[in-house]
Amino acid sequence: MKILVANPNSSEICTDVIKKSACRKVTDPNTELVFLTNPKGTKNIDCGFADYQSVWSFIRAILKKVDEIHPDAVVLAGFGNVGVFALKEALDIPVLSISETTQTLACLMGHKYTVLTMLKQFIPYQEDLVRLYRLQDKCASVRGINMNVERACSEREETLNQLKEEILKIVEEDGAEVVVLGCAGLCGYDEELQALVGLPVLDPVTVTVKVAEMYVQTGLCHSKKRKFAAPPQPLEDYFWDGNGSGK
Amino acid sequence: MKILVANPNSSEICTDVIKKSACRKVTDPNTELVFLTNPKGTKNIDCGFADYQSVWSFIRAILKKVDEIHPDAVVLAGFGNVGVFALKEALDIPVLSISETTQTLACLMGHKYTVLTMLKQFIPYQEDLVRLYRLQDKCASVRGINMNVERACSEREETLNQLKEEILKIVEEDGAEVVVLGCAGLCGYDEELQALVGLPVLDPVTVTVKVAEMYVQTGLCHSKKRKFAAPPQPLEDYFWDGNGSGK
Amino acid sequence: MKILVANPNSSEICTDVIKKSACRKVTDPNTELVFLTNPKGTKNIDCGFADYQSVWSFIRAILKKVDEIHPDAVVLAGFGNVGVFALKEALDIPVLSISETTQTLACLMGHKYTVLTMLKQFIPYQEDLVRLYRLQDKCASVRGINMNVERACSEREETLNQLKEEILKIVEEDGAEVVVLGCAGLCGYDEELQALVGLPVLDPVTVTVKVAEMYVQTGLCHSKKRKFAAPPQPLEDYFWDGNGSGK
Amino acid sequence: MKILVANPNSSEICTDVIKKSACRKVTDPNTELVFLTNPKGTKNIDCGFADYQSVWSFIRAILKKVDEIHPDAVVLAGFGNVGVFALKEALDIPVLSISETTQTLACLMGHKYTVLTMLKQFIPYQEDLVRLYRLQDKCASVRGINMNVERACSEREETLNQLKEEILKIVEEDGAEVVVLGCAGLCGYDEELQALVGLPVLDPVTVTVKVAEMYVQTGLCHSKKRKFAAPPQPLEDYFWDGNGSGK
Amino acid sequence: MKILVANPNSSEICTDVIKKSACRKVTDPNTELVFLTNPKGTKNIDCGFADYQSVWSFIRAILKKVDEIHPDAVVLAGFGNVGVFALKEALDIPVLSISETTQTLACLMGHKYTVLTMLKQFIPYQEDLVRLYRLQDKCASVRGINMNVERACSEREETLNQLKEEILKIVEEDGAEVVVLGCAGLCGYDEELQALVGLPVLDPVTVTVKVAEMYVQTGLCHSKKRKFAAPPQPLEDYFWDGNGSGK
Amino acid sequence: MKILVANPNSSEICTDVIKKSACRKVTDPNTELVFLTNPKGTKNIDCGFADYQSVWSFIRAILKKVDEIHPDAVVLAGFGNVGVFALKEALDIPVLSISETTQTLACLMGHKYTVLTMLKQFIPYQEDLVRLYRLQDKCASVRGINMNVERACSEREETLNQLKEEILKIVEEDGAEVVVLGCAGLCGYDEELQALVGLPVLDPVTVTVKVAEMYVQTGLCHSKKRKFAAPPQPLEDYFWDGNGSGK
């Protein structure tokens, strides 16, 4: 089985972090992970504006890669909208975004879960996504630590401390008992944090790759009727660039 | 006052329809409407896939035009997401989408309203938008007539009949009493339909241009704190094309 | 165009405050504002009891005035229920209450808005109204400053300080970024406050008069089917006083 | 124990119907029922307009009667808003409206209940009340039979047939299994209907008088903190008539 | 009239507490209360696990007792699920649980109510019940004082103080004004607490026994169509013990 | 890895059906499935009454088996409550019910899903479960075909036809595009049905066993803080039988 794991931004450093999280729990010897970095993506998807400016090319890059390597499933490794519904329309193989999939799984693990993201400014955007997935009754809160991604990568000790403190508030103030790490920059922090706080802390890339593997083994896919029916026009016709179309 | 009315798709015919609806009710002699067609937009935005493939360039075209003509407000004349939240982040002048604005106004006019769109396949997408605006308790239903846009333009008589029949069901079955025309292709049908069915039928372009005018006269704008704060990075940095950035 | 702006209570001082806010942004030289004070209204509408004791005569006074001056729209300038649905039933010209209209408009301006009222005792009443308008998913909170209206009028400096402090809590604790002033006594504070806090602060009278103007220019009105259909009996028959009827 | 049962409209015929339903199940030999007809009420409360035109005087009549006879509880025998929250503010004895009380009790009797009213035009008004009581998740539907009250009184056979047919739809189409008769005109139909359809059919007057009796025996009353705190001004000050006040 | 008041756990001390609360307000000289302790119940129902391990035998004990004494109604005197829906299926006399009934009644007494339980660990379980009853829009919060039941019984002074402090938070932080004591161990604290805090404090056993009495006097019962229809198989067939069946 | 797949009822025929569905998609050569039939379970869990009469012994049988074989996860193979929250409290290995797990997964596959069960009488029970999982915004409907389980097993052709017809209604009337088979008796119908209707049709046993496998491979488990914390008393103390305790 081949799973395409696609990073919506153009940062290779970010793709490397995703790689580590993606591989950690794969057990099927037949599972091959192929990684893709969005060449025209923005450095970081940190607002709704960034989502639109990165995802158009992300979708095109994915479709091109799918034509080349014929994967069995696609994992969208950005914790945002990142075009998950658009790609479910375009493809008839499983498409799983780390944001939608991990939050859906988290529903099974507790009374309520919390999404822990970086910038506080990003909270309303993430709250909109929760409602788009219709999980607002299971999501206790979206919280941010207002630390930038670079620092989160370099100063591990302090980041852990800040995350831990925020997670304790989640339990005391929000009534949640499961944590979803809502940012690729936080990937790989799950196990240390889980040990510190005694709650499930989900690395969204790790979880989603495993769900993708399970989808393929089971033969699951999203419905192609109604919401995710193929776009009414041929796909290439949507790639109009003012002169002519083409991927 | 200058209002930029922007069509997210690349069809000039569609821009012409929008023009007619936009001008109809403008009363302030100082209101100047400037129209923009998205040169790289798809022919028609008829699914979530189309939205992503058209809106990235739509946003760039609008920002460029805003730099040139310094409008007082922007109207997004596509009945979909069309990047309304992304543009509210990017701009500190009023940004009003015909979908969000007309549905919000419709709340004032009845117990419940209905969105009348074309393709039935488009209904779940429109239902997601209703929830994004958090108006699901005022929206009785989204209904489609499954007629294509071209035919809607050419066979007026039959289109009117089909719309009328669907609207009667809205009242009888859905408990609604206000109709929002959810498609640029239906612009200009409002008055005839309203006469036929005896309910308010809202042309979203007409209504939204008037709200934009009112916003400017009153000095209203969306909040620039939290959800619509400016993107964390300089705007140009989001226009990365793999080599370098630029509008 | 003639707009009747009606104060549901009997305080002329209050009508004067309303007048100032109503006129500030009117731009159409053809717009004439006519003001009405409810002669039999209570001094202040500060609870559900007051609403019922003032609104019956308010409705009668408005209907009488409408018969006399034939306005194009009616603005109900009290931040409460003030009979808005009853008057939409009775009239087939636009009826816009400052409470319903301003909160509906605020939906367009941010992720969530907050209503800032005076007495804390009034909060559940205002929360009921939010649900009546079905806007509870857009309203982050209703907050009160527990200062009486007289003092709010006389001690401007301290009122501003208290309002400012409460608004900062709205952002930090409630996740809102738009403020609706929920009391006629707070009219005219909007611009100073907006400068202090950097958020949109809406004067409900100013906003609603402009929406009324826009309604008339566009030809909008509430639906007269179902919810706002004319009362089943002749209007005068509802004005029974135990002996005979009459306005 | 003395219970004041108050009819918000001015029809003595209606008060007679209420009387019959009120007395049917009273078992405590110490329970005395006192009836009041609102002398200035409209003939029938059949819309939001009627509610406001009847309730102001209804409230005054009740307060006057309460001062005279010192009842232990008040039952508001009109299936509408009829000022229930306003009277809970004004009084510190139990105030129970037949609409709020019966629907609340119905929650205990099934998965979902339905309100059966007369005019279809009245449905949105009743739906608003359901939401005001916050029972929308227990109320499957509000349905009307579009028969006028007079005919319902005179043509019993046909009324029963129409009610029965509508109730069957409630089970099949709405997923409800409890019926609340939502109109004083339907009082007294409960037992025959219940026998016909095999579902609980609640006469709201009968049920509410019994709840009032139980309240008094148990020493229950609504909270006088927050929502139903006494109005901020002395009650008489709200009875301003333009010259001076007075009950 | 005979009312069976059944304690789901096996503690006779607890049954004694229930007895006191049950009798306090009964006024009808014809009302006879019969008490039952679940012989195979756990000592205390303090989690979902305990509910399942106690309720199977609770149901059997009740059915047996019902066959013996033919009561007119059954009160389930445990503040949890305690099989209320299962028993409504099995019986066609009124079945009222103290948790569902008291919370439903509390809806009538204020804007919002709060459930006050003992262990904080029990809060999510109680929140699930609130949603099962579909009262989540009326329930402001579930709060716990984390004191064990034994101590609550022995150290009355301190328990009262802790309860009082928690109730003040309910008003200030949660916006509630009615308290439901959510634990049999707190029965009998209602009047003292009510005097201390000035809010209605409901003893669930007292309230529910009175509602049961009222049900019987009025002839009310839950619907036996749909949700509470009799189980599809004969009742005894559900009492399979691996060899043969029997009560 | 060892997964315990437990049938809450006492029918070995049913366990055989479960076995077939459970094994179909297991791919990991290290996955060992162990099956358990509840010796004291009722023949069929077809109402809330049956749930309580079967689950107490189901829980005990599972705990005993867990002590014996030390599985890595437990699958509860009954499409009902079947004590899923109680067992999550008692165990610190993954506990996955086929009802909760399959419905949660279905969220990812379409706009809305439908649960297809057998008896119509069972619908309100299933609707309660949907709300318990807080998935009511993703569940379009619960539908029943009113065929008994035996006949469903023997008359395959007709069952398929009836299921197909019901599923077409799901798409047309309910706006759903994913089907969850809500009954063990329907296990094994998924692939034929999926081919007939062109929508994903989920066999809940197959899906849940695969999720369990994925959980174990990934190291996931439900949170043991708050909702699923271990019961406050030692587990054996809950197994009181009136004389002494014991598994």
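Letters are used for the chains, namely A, B, C, D, E and F, taken in the order the chains are written, and counting of residues starts over at 1 for each.
The rule is short, and it goes like this: a contact is a pair of C-beta atoms (placed from the backbone, for glycine too) under 8 Å apart; a residue touches a chain by one contact, two chains touch by 3 or more.
Everything numeric in this text was worked out from a predicted model, so none of it was measured.
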Provide the labels of all chains in contact with chain E and in contact with chain F.
A, D
Pair joined by more contacting C-beta pairs (A-E or A-F)
A-F
So what's the Cα centroid distance for chain B and chain D, whole Å?
44
What's the distance between the Cα centroids of chain A and chain B, rounded to whole Å?
29
The positions of chain A in contact with two or more other chains are 111, 123-124, 128, 134, 175, 226-227
May I ask you to sort the chain touch graph into line, ring, star, complete or other?
other
Taking the top-of-page definition of touch, could you list the pairs of chains it picks out?
A-B, A-C, A-E, A-F, B-C, B-D, B-F, C-D, C-E, D-E, D-F, E-F
Contact residues on chain F for chain E in the complex?
10, 39-44, 46-57, 59, 83, 85-87, 89-90, 119, 121, 123-125, 128, 131-132, 134, 226-227, 229, 231-233, 235, 237-242
Listed in rising order, the residues of chain F that touch chain D in the complex are 123-124, 127-128
Taking the touch rule as given, give the residues of chain F at its contact with chain A in the complex, in rising order.
25, 27-28, 96, 100-101, 104-105, 107-111, 133-138, 171, 175, 177-178, 198-200, 202, 206-207, 210-211, 213-214, 217-228
Per the contact definition, I'd like the list of chain B residues that touch chain D in the complex.
111, 175
